[in-house]
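Below is one structure, written out as structure tokens; the observations come after it.
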């Protein structure tokens, strides 16, 4: 039986990713007739690298990681679907400090991004910070990289950093699950919307299989009780198709911020 | 009676001390060394609150299941990695140890080329252990894909370099007289190692190897990177999220494993005594 | 010629000049005792002969070969034919006596044999035999650090006996032994040298032993040869001069034993066992 | 001959231990079902080679070099100060841990050492950040605490292995254990201690990499950042800088080993 | 009484019984030589007196005290008054001569002084003086591993001279020295003992030296006392018996030196410097 190897960027704890993927994996197994294997990793670069070298077939990428994989394979990797919400994604700036009310108040404070490779935890916030006239490398006292979105919240909540930024979807989830003390930590700024996450397949994957996968995602329907759980875990109500051009904005932002040379 | 001589080392020592102090000062400044910060009441309170968070340890069945699986995997990867590292380190260490050099005695023929060779090996070993594990891991992921194989290899390479270096240092520091006698009696370097150095150094070599194994268990970077998970990764995650209960459980497992390593080390040393 | 040293000097890295312009030669089967005050350079001379030191200047020829002109491999083969009893026995404390003795043949054994021998002694009989010559056969399996000073020294001698080299060097091989044992040990060394017509060069502090067992005596002082004479021509005056402390005249108590030793040397030296 | 059994150096328990070690190692390989053969295929070699090539040439632009140099200094400072503190603390703990001050203190100090080193640097870093705030000092402290545990253990075992005679002879003339250690044991183990400390320093230079995330900065954070973004040329520069530091420490260790440096008192 | 051993036995961990039921006592100011074949237990006896070994059975009393009944602190103070010259000089190879000698007083110096002395020798004059007595003053700042065998042994003696203990133990203190130097060294040890009425117990292989320098001779064999006599009453027969190899009769070469030594002992033993 052929194996479909799948991975995801570790923007959340690997155990959490594994939990989220389990039912989706079963669904894809049924749809494609292949054995689906999920490989959780802890490093963004590992996902990009394995996708680029064909060691995995499909991955859940952030906008920025997709752009990176595209560049590393000269455009061979193909984004197939994304969540409805990813078409207008935002990041939220949070703080536990009462004196911080706007981005301008951040000057001279300590600040934490998520992972350097994260779109919503680093690239786009950096892009919008720069647009607001704040250069993170110069204007902050210390910049830390927490490594993951939920870690950013933990950092800020414990007072280890004055402020931080993370993706809106994770923030909503944490608030929903009461994992964050909203009395202490609050959102004080939100970025304009941008394209983010997608499911990308490696270049050279059998087009028939690619089609099968795309359709499987698009067929997902929350009204079907079995598939509702999958959708809930993926935190979406609908998957839509996506195209490489959707991410040219991100690429431009990354070049502007100097993250792509 | 001679007039009492002055200690010829005195000047060198004094100047050495002065130079050391002069060097230390900027280093302390750069690292913002300020022990007083440790004892500020506010800081202590934050830390105390965080430490209280460690109790009670997380013992839910699901989490324990993760921990057990991670422990098994970690042990397997660490053992395999160290075994390979040992295979890499042994020949390199023998080649690198100056005490085992036959041409050193005299100095004899081919001293210069041998010394150059040793410098070469030294540089190679520096490269093995100096290039970060992450880079090795990236390299092997390209060849072998995600999975334990790449992690084991990355571990083997970096730890091989570290073992080599420390093996060589241990051999270099032990008493040379026995090896000298053997080498001057015409024996080869490998045999001189076995008969002249190992009887004295074996215990320390073994104890360092076990210690490295223990480090491999804690190592988190490589294993997580290649998707092998492992205890170290669980720990990193728990700490990043400031999840004290989970961290406490994993710490307990670490402590148990360290005690296990200590026991193994002690047993092996006793066998070699 | 078994060895020939020509105007060789040895200077240690710290600047200490231990031998200066020394010339000495010995023929096959000769038995030579090197005597001299502490720090005269006896050990240095023997280490020079053992190819453990390279002369800073001058030439050395051993067993018809120039050690320092040889390739690495040939030098090793040459070294297998030279055996040295060290002043301080160089055995790892944790090593067993039998292993320490078998180590004498490491140079000639193939590597696999040496390695196997660590697990099970490759030549128990041989090691026992040599140890028995020195009256120590019962300590074969003790660790070296469980031996007394004299016992450990005998292990060092047994190793060289087991090695069967053509040039036997012995640096104060009996310094830790009682008189009877010292005689026994020197006797065995001489017998070994005689039966295989090997050359024996030993440094000794006990002048009487040197005069009894060695036909040729070399007096060394401050790194140079003071005299090089047949044993019967070594006189009291020569000895007194050799050992005279550089700073002052010899202490009064020193006189007696020297005369005594010298006298006994001239007399009835037993010649039986040796040659 | 009754000697036969005595003659065999490999006792039963040694043999059993050997077998056990071999079994555990092969079990590990089996459990992971490693297929290392792949590594030696032409394909894999090509992939790896191409990857390595993408690191070159390193970024040698003045701006980046200046940043790297600053990172080097920071890393050097953190690792040096951390290691120095660790060596002192480790030595203090190693003395009782080697059994010089009775069994009770030995057990206690061993426990402390085990605790110190069973907590990884990263975890210490989280604690120290809470204790002293983000910044290099937190990293320094984290390195110092973990390394103290490591060095303490290594020192203790080196002490147990050291020749006993010199210290024993001093004890027998009434010297206190501490002085017997300074005059009798330390000169024997000093090269070993120095080697371990310098080696650990080198390790800590690399470890400072992981500590980047506490805002400690230095080469580690730079490397992590550049690698994540696939700025391989920049990563290469950083790696070279790390290698240079390691080589410096390595050379220092070789230099210290020289006979004329190694004079003890 | 300076020391008293009563039916003491010593059994090493490997089961070797080195002393059995040994009883011996020595008065203040006495000079006793212990002689006996290799492995007889001389070193063990001296280590027993140095409180480096605890008897498996029996009692030991040193300088009017029972060492093994003392508190740790008092035992340390007792040990300050006992000094031992070891058979193999126990100096760390990299230590300098001056430090090795000053280490003799660690027991009496305050801790801060001992520590400072590591940075700059606390008592250069004292160390030089003792070293000068043994004709080695010029090697004060050399490292111990840069000395010859006899030089290193003298450093060991100098350390004990510098320590100024009430009970001086010397385990073959002159085994690596030439005859003149051996006499000089034993002379200094005896002089030291005499001027401070300290007790001196030395083990020696050179019977003539023992007979010349020590009024009382203890013969040790297989861990038991064979004889304990004034020097003039030690006869050739006694010596021959003492050294007779257990397995066989003494080798023929052994006879001469023994007789010689015994004879010379009976004769003109110099008594000047000692007492």
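Here the chain labels run A, B, C, D and E in written order, and each chain numbers its own residues starting at 1.
The definition used in the following text is that contacts are C-beta pairs under 8 Å (C-beta built on N, C-alpha and C of every residue); 3 or more make two chains touch, one makes a residue touch a chain.
A quick map from chain label to UniProt name: B = ABC transporter permease; C, E = Phosphonate ABC transporter; D = Phosphonate ABC transporter, permease protein PhnE.
Please read all numbers here as calculations on a predicted model, not as lab measurements.
Path length between chain A and chain B (ABC transporter permease) in the chain contact graph, taken as the least number of steps between touching chains: 1. The minimal number of chain-to-chain contact steps leading from chain A to chain C (Phosphonate ABC transporter) is 2. Between the chain pairs A-D and B-C, more C-beta pairs are in contact across B-C. We define each chain's centre as the mean of its Cα atoms; on that basis chain B (ABC transporter permease) and chain E (Phosphonate ABC transporter) are separated by 46 Å.
For the pair chain A and chain E (Phosphonate ABC transporter), the distance between mean C-alpha positions equals 81 Å. Contact with two or more other chains is made by residues 9, 46, 50, 134, 138, 142, 144, 175, 200, 236, 240, 242 of chain B (ABC transporter permease).
Residue positions of chain E (Phosphonate ABC transporter) touching 2 or more other chains: 88, 96, 119. Along chain D, residues 47, 130, 135, 163, 191, 224, 227, 263 each make contact with two or more other chains. Taken together, the chains touch in the following pairs: A-B, A-D, B-C, B-D, B-E, C-D, C-E, D-E. Against chain D, in their complex, chain E (Phosphonate ABC transporter) makes its touches with residues 50-52, 76-84, 86, 88, 90-96, 99, 103-104, 106-108, 111, 114-115, 117-119, 143, 163, 165. Every residue of chain B (ABC transporter permease) that touches chain E (Phosphonate ABC transporter) in the complex is listed here, in rising order: 1-2, 4-10, 13. The touching residues of chain D, when paired with chain E (Phosphonate ABC transporter) in their complex, are 165-166, 168-176, 178-180, 182-185, 187-188, 190-191, 262-265. Interface of chain B (ABC transporter permease) with chain C (Phosphonate ABC transporter) (complex): residues 102-103, 105-110, 175, 177-178, 180-182, 184-188, 190-192, 194-197, 199-200, 273. Chain contact summary for the complex, chain D toward chain A: residues 47, 129-130, 134-135, 212-215, 217, 221, 224-225, 227-231, 233-234.
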